[in-house]
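Chain nomenclature is as follows: A, B, C and D, assigned in order of appearance, with residue numbering initiated at 1 for each chain independently.
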């Protein structure tokens, strides 16, 4: 496939995933963005900044290289672009990134609490708690804020010795969730499940604040039922 | 009626009930499944595993015998199939089984709390609390997990000396609700009421955590107004 | 107008109000019913028992006299009919009655807490707290339960020395709200506001459990801005 | 542009913003109103009182001068008109005012708690907490209530030494939110974000009641990313 055609496909996939974000109720106004990467070309496509979802087209997507330089597109990229770029650079396994301010996940981020794994629905998607970052320092906020947001996410995943494939999201303290996956559409699906879990877990915590996590073997059972070589969910 | 026609009807009923599960908002993604049984034939139809609801057809339903062997169908059955089979074997009165990860019922399951009977809406459907199972052991999870999930549901109902007709649901700890009834469509209706009650009861608990259950005679009045020989609700 | 035409109009108004109850999201399944009265004829029309809202027509409404005897209609009236009849007999000012199991109002009823007047939206509709009944006795439940439900509502309003025009609803303990007004459609509107307030007040209580009621003069100001001789809201 | 045409445009903008309020789910029944001002003409247009949103047309909007005298229109203006007028007089920077009884913001108003700034979504719109007014005195309520409501909002903003451009909303104690902005449509957008934040912050508080506000530099970073000379969000 020619490069031009690959770029067109990437634009289309990213545009469709951004629209899917709206269909799934994860966005109010323009609070949210999806990007995708073509690893072979080393090019990223991302939503333009502050543009309404009503008028999104594949052509409006902005194309950047892994240095964050704009390669193609008339509009400014999402103001969160440097965070996305950072995640693609540090996590070579991933192909799509989503950022939302979805209601319940944002509540956990604002409470500066990790989203605990309390059940099998969570374990079907994340092999353990979804972590929350430390608050960012004044230096990190004042200068190159969006790049530093990416770095603090990476720091969080690494410090906790997590695999970005097994725990494919983080809550940025006082901000909201960043989620990643194999491709942009799948990342939106994971973002939606994260939002669902954030709502369910809030209710569960209110019913039983002292409840410890489920046993590790139950979490592993469900994660591995859907992921990896021994998976037996679905039609594979 | 010929066996082939009976199987077609069962497939149709189960397919329709699975789609109804989505219409009633009890499912996100592919988290949920409905099955039904033809007791005369001893055959069960169930949703295929990991197939989107958009593309469900009666023909996609998988038909199994009461040993869990596939009798007809091209796809893999739901990964929860052995749980359904177990319930049909142990509760001969039932004709349909539903499993969901619906939001509020899942919260109670994750909190490892039975859903208390707090009022007449609950008593119209369930003659008492909807129980929660004990957590499963490592041995139960690692080997033949789905069958053991069915066994722990049955154990819960039996240990509490409940009638599976009067209390037609259980919350699997850290997982979510299983619900059963006379037929697949009715089981979906009961699952929807369970979800409604789980939401209402969460609010009621927050308003008055100390509130004891209503009097037993009020629960019996409402359950028997709708069920059994003395029922006088509806147009019978 | 001839009596036959008056009855047709009453049937139509009651049917429309029952359908409006569904449109406003106050009903799941068949949990809810609306009635209306023609005071001149002394006749009540009410929803039939256990009939789906999809198939409701004016002709399906059941017509009764103030003794509760069926005067016209093929179907059984709502199982809650005697409660409605009791309210029409005891509160001669009212023209429509609604019963729902709406989510938040039912939570307050199950918590056996009156719905407190916490603000001006409440005071626009109810001049003070919406009371909760005492639990019913075994004798009241076992025999003539629905009539006794009406009596305990009336007892609650009278014991608290409330005007049924100023406080036009009550929560039946462990059950749900009954709401009344000038006519069936207006009663549905009040039931919807009650449900809205029940949700808002739950949140307010969680934010500030100790918060006392607003000043009496603020409640009176808002109630009287919309009701009575000095009202100045709207286009009158 | 001729004055008549300017007035037509104002009516249209205000009508459209009122309808947008409904589309965004911020209104039940007729609880809510939007106004706008043409500063050059010194004329305000506002929703008529108690008129259903279904039948709103630009021509139904009521036009008033800054003394609150009706200049044009057949209907009575919103009963909250004097509050709007007061805000336009005291805050010369603003061009649109919205009042709602939206669910979560009303809960905070009833709890008499300011809406705390807990994160970046809040800081994108408001540079700090959204304040709550003191309760109004009996004298303020009994006489010229709506004008006094405006005065107590202004008092709240001034006493806390806030800029009405940086904190463009207040919660009236026991009542609900008033929100303002450059023009009517933008004020509706801010009202919607306020409602979103009120819901998120309620959840955050329940998860972590002790959580202090984010650092001031993070709030400033986000507010100034979207507002003022250094803004870099969007396509400017």
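In this text, a residue touches a chain if its C-beta (ideal position, glycine included) is under 8 Å from a C-beta of that chain, and two chains touch if they have at least 3 such contacts.
All figures in this text were calculated on a predicted structure; none of them were measured in a lab.
Chemist: Shortest hop count from subunit B to subunit D along touching chains?
Modeler: Minimal hop count between subunit B and subunit D: 2.
Chemist: Most remote chain relative to subunit A, going by C-alpha centroids?
Modeler: C
Chemist: Subunit B to subunit C: how many Å between their CA centres?
Modeler: The separation of the two C-alpha centroids amounts to 33 Å.
Chemist: What is the distance, in whole Å, between the centres of subunit A and subunit C, each centre taken as the mean of its C-alpha atoms?
Modeler: 47
Chemist: Please set out, as single numbers or ranges, the residues of subunit C touching at least two other chains.
Modeler: Where subunit C meets two or more other chains at a single residue, that happens at 205-206.
Chemist: Chain pairs that touch, all of them, please.
Modeler: Those chain pairs which touch are A-B, A-D, B-C, C-D.
Chemist: Which bits of subunit A are touching subunit D when the two form their complex?
Modeler: Within the complex, subunit A contacts subunit D at residues 28-29, 31, 48-51, 75-76, 79, 101, 103-104, 106-113, 135-136, 138, 141-142, 145, 173-176, 202, 205-206.
Chemist: Which of the residues in subunit C end up touching subunit D in this complex?
Modeler: Residue list for subunit C touching subunit D: 118-121, 189, 192-193, 196, 199-201, 203-208, 211, 214-215, 217-218, 221, 225, 232-235.
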